[in-house]
């Protein structure tokens, strides 16, 4: 193998793959993004509503710095980025070599429809005689054997389901572009055969996602497929979707009626014998679906969720659950339905359940939703064999706590390594891309690379608009050339109208480029029927005519408007096209990390490992944070060693500077350019210039005075138990009975959120004590065991080892009475419906996690904290570690409760976020960026208030509003609040909009 | 008399409703040709001046359409748009341009069919209502 | 109920001058903006007085309202200054000032506001015709006569036909949030009361040697009665206006004689732009555009964009309109702009549960939003 | 107590989800629903367990075993409890345990059940002279249909299953 490679391969173009690919592309790597499916988006292309926002927001994954590198459009259409080569219907077949120097073999499925020729005209589908269940709608609606796999994908290339195709040849005949070439008896060769490509890559990210459990494969099918109104959660998502089988109206599949009572059955295919883990997301999905149903039906459809434990363990989820119950009237019942039966008399579905009182009841519904558990993706096993990455017992990619010492350049991203919601997947994917970047950065040190400067184009900014119009024409379309020509003639700014034959074909396109290259237009407007096809090709025109893409635009002839309106609107738009000549100042290639715990150190290492500088500020005298007192996690990871290794690496790393006994005092500037002063122990001030900041300020075990804590030595917290066990001052052999109480001061009105890690801590300590003293009686008093994901296996183990779990409710809390000999715990046992008195030697309280106080610190960097005083992320799903302004990131406990492994992932993700920002060269200001005319500005500051990105500041010395072109995302709300248009949005100027409106009418 | 064909100006956000309009196209959802789509980055950038300009230039109705609450690419532009449209309803409503003629809708990226439906409904209703400002040629 | 202190001078002007002089004495105010009748020109104009002796010409009660002083206060306070000043403002001027403070065009940091029961004013041309030419003494006498008549009739607007419409339909003629609020209604002739509308005002009043007397017991009822009358008057005016401007064409006719001089916006106290957008290149059309419009429509009224201008101003300023009526004062062609703006302003402000100038604590409606509000705005 | 400890270990993974109860066809007649019963086992509430008739009502349909998400052998657990009750000859369950015993005794002797002997043994074991009367009506009905064999007990030893039963007893002892 030769040189280290600067290209990364990302396998899987779902959310995780897109996140990783963008991470790597934005940091200057070349990325090949492949997906086995003929479209991108993965399972997300079928899901539209995400908890806890009940909306989408996927587009927030797009780059914020250097926005123009990426097509600014809904990600459901597709991802077009200059640095990402997308290969669909492609799989990884082989991988040889070592980290940094791999040779990958990619296989692209043979295709019957030539994607380069197909324009998505739909004629093939119209004539196709074969009707099949539509896989996009999980078979709830039908489509043709030749069909569009995902309706919103662009380019919209058709595919043929060869399992159903009868090779009748109708489509082949009707295709106006000759894009279809069916195999037949006399022509067994496919026109576009299976192709193998060998490619040198430095690192590989595996983001192949998950599959869903098939109820038909299990012992209890719950009537799935046998009863039409029993649907899976994915099917329900399709039913609720605007592109779904009923166009978005909620109907039951059997008869198209609106259901009146719907039930959700949780843990179908999870937490059972076959799959002893929790699928982590189904509880929230069910809550969200029930809320959507309640909202849609104006609360007329009754929704009941039958659950075992309602696992709302992430920061905002408990609040969501409360809203679902209290505001939307979703009914939650703790019960596991035994089976679903069809009731012949009513045509309904009856569930046999036993509620808490122990009475068995039949409940009638007319639609039942199965919350299907997740399974490893189909390709996981094969990919594991190809790449040598290990699998855990459940068949997911192994996900070690720390990647240190790993020689591999292959990293799992997202749910391929375990069950995660979108937010966690996004974090995990960025974590994977950070590790991949570390492997390849040497080959292509992104921040040293000179990007093609935009000012290499000829300067036309001062020229009078000289517009060239390209009219794309089909032979079979109406002849509109004379009309367009006459419109061109009457516009003083148009100097040429050229009709081209079908630029959607290779010949037509090349012909257009040739024609354009001969001219010297300084604005180009292309009129075409489906300009979406060319969205990724602007760069090609730009190169051919040596013109900034800012001056090239498309107008859509396919929207059904009068021709004159379309053309004139297009001309008005292009006439004002321009690029702001302000320049963003250079990014400072340094990241400030506040907090030197596990998160902070990991983030700093991730930054420094890719060649940038990291500065850690730690207020204590030593690094380590909570790791200092923790011994190990539930899986047995040794934190002492982890701490030593991490500290050693940090201290030795030439790219990391550490300030202990230091705090941040003040900061100015914005994303890309901060100047921050630190106060060190000797009261010195230190000035740091940095481009981004990561808040890794951590959190702590909450203090408590509940259950007699502080009055009796027999009442301890988990931290104290951990320390006592570590120090050997506690020996479980001397104990007879231990009671652990969960959710102390948590998940109540004063502290709403679930601290997520306490259940795991209790399981860890219960198992550890049982190991040291099998005779010990351990009782865990819990409200909801949040042993999500693989930790469910420890819950099972604890039960097997004889730990007794007793559920208590918020209303009926346990009581702890201290006496002379130990303490007495009184708790109501709901199954037996009686109060138990447990005389115990030790009571352990799970008091939850509180964040460090970061509000003032966050405010210094224009970031905010949430209702619980944790860092407020811009979006819990799509931008889970970043502040809205794009220059501030957070990780670990500062973000919200999470365990060590999750903290490490979030730290790498935060580092990746910072790297995305500081690697962007910002050669030019993005096309659509706000500006200001100071001569008109009266400093009312409304624009500052309206800017969510903090891109606007008042420079009171100069008496001017300043705009940070990196922070500005071009939303234009500042322009809309400005009464005299002193604030404006470039390429959406008032006069331009007026002309467009005039042209439209 | 010639059948009245209204002109509707639709300010659609680049992220959601524009995608829905594209989707309506690719899913062969036909909608009347009376609507002129003007793509804006966000409904939050629709200056009330644009709406007024559209009416004074002869539009019979204006549609402002963007992402569902919570979905805005720019976090909250659609909420700002909602207040602005409310203000416009309050002002234009006094002068005979009532709320049927100025609509704000949330149409998500997957709502291609919904988009076509909205246009259908709106065109049909405006046809009933008649031209918006036909009698003011001289006075503006 | 806030403690009210009574001041009894020889007449209302003497009383108010005493009060204003005492502000100089007992506070660190270095100058005071107050309408003063100038000894040479005899014209009443807002004047910055730093010598308490010059307060002799001060006449805040005259039915003379040449301009809304909020704009002047903006000039005095927008940029940082260490001077502490006081301003005597009509309630509508104070409301305008509050709006300006919200958009950072003025601050109240170093400002003491003084307002009073406003008996209204005449249109500028009317007042100039009847009063301004007189000598100082005559002017003073006219003011006192006006006061006697107005207060005597408990602000019955029907008894004074010269009163401007904006004042007739003003539903906020009583001071509320000024630091010092002067009451005139129901006091004995010549006497006035003063109470503090703010904490700062309370500090000022404390320990002053005013004669303590509680508010005239009848005041609350009188205020109610006055407001009721004005509301009814406003309703009539608005209904009449709504009839005339029920369509865009009606609005066009209403504004038909407008020549786009933009005087209304210059006079508007809350119109704060440095340069109106209608004067910028946004509306700088190209010749071919005019030609195209004319061709398209058959005719093109010039200057164009008249209705556009006024609608835009309603959009920009409707939510902040305090109903002072200066726009009508400024119109050279006697378009009754003020009624139009007051009606629209009232309407849209109600729509957002907002009252322009009422309180510094109410955010400007377009600067805030909530996730689940105004659900009725959306949908087909 | 060992048997119960064994049973407890067997049931430790129980998550009290109640699927067993929901699936049980006899649940309506049980004084302790299965879920509660298992909870009692885990909580060492031995008196309560043997105060209940739940396990004796189990008809071994195996639905609970099939549906249990933890895959617990619940039907076997019910059988264990029956065995313990039989072994201890608890008065509460004698009607049932002695019925089984008499049945098995008849089988042991002859390799098949002989109804007459079986019922005789049973009445003898129950030591209740009035008991046969309560079976009279059922007996007459069965006799009418020729469902009761009247021949006298054959010689002991024919079809003798002694060795088999001995072996089973040994196994049970070892458990």
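Letters are used for the chains, namely A, B, C and D, taken in the order the chains are written, and counting of residues starts over at 1 for each.
By our rule, contacts are C-beta pairs under 8 Å (C-beta built on N, C-alpha and C of every residue); 3 or more make two chains touch, one makes a residue touch a chain.
Owing to the predicted nature of the structure, the values given are computational and were not obtained by experimental measurement.
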| item | value |
| --- | --- |
| Chain pair showing more contacts of the two, B-C and A-B | A-B |
| Separation of chain B from chain D, taking each centre as the mean of its C-alpha atoms, in whole Å | 77 |
| Whole-Å gap separating chain B and chain C, where each centre is the average of the chain's CA atoms | 37 |
| Whole-Å separation of chain centres (CA-atom averages), chain A against chain B | 32 |
| Between chain C and chain D, centroid-to-centroid distance (C-alpha), Å | 96 |
| Junction residues of chain B - those touching two or more other chains | 48-49, 53, 69-70, 76, 80, 84 |
| Shared interface positions of chain C, touching two or more other chains | 277, 366 |
| Sites on chain A at which at least two other chains make contact | 946, 977, 981, 990, 994, 998 |
| Full enumeration of touching chain pairs | A-B, A-C, A-D, B-C |
| Chain C partner contacts - residues on chain B that touch it in the complex | 48-49, 52-53, 55-56, 69-70, 76, 79-80, 82-92, 94-97, 103-106, 118, 121-122, 132-133, 135-140 |
| Touch list for chain A against partner chain C, complex | 492, 935-942, 945-946, 977, 979-982, 989-991, 994-995, 998 |
| Footprint of chain D on chain A - complex, ascending | 219-220, 267, 271-273, 308, 335-339, 352-355, 358-360, 796, 799-802, 804-805, 807, 829, 831-832, 836 |
| In the complex with chain A, residue positions of chain B that touch it | 7, 9, 14-16, 18-23, 25-28, 30-33, 35-38, 40-42, 44-50, 53-54, 57-59, 67-71, 73-77, 80, 84, 108-114 |
| Partner chain A, residues of chain C touching it in the complex | 103-105, 272-277, 280-284, 288-289, 292-293, 316, 364, 366-367 |
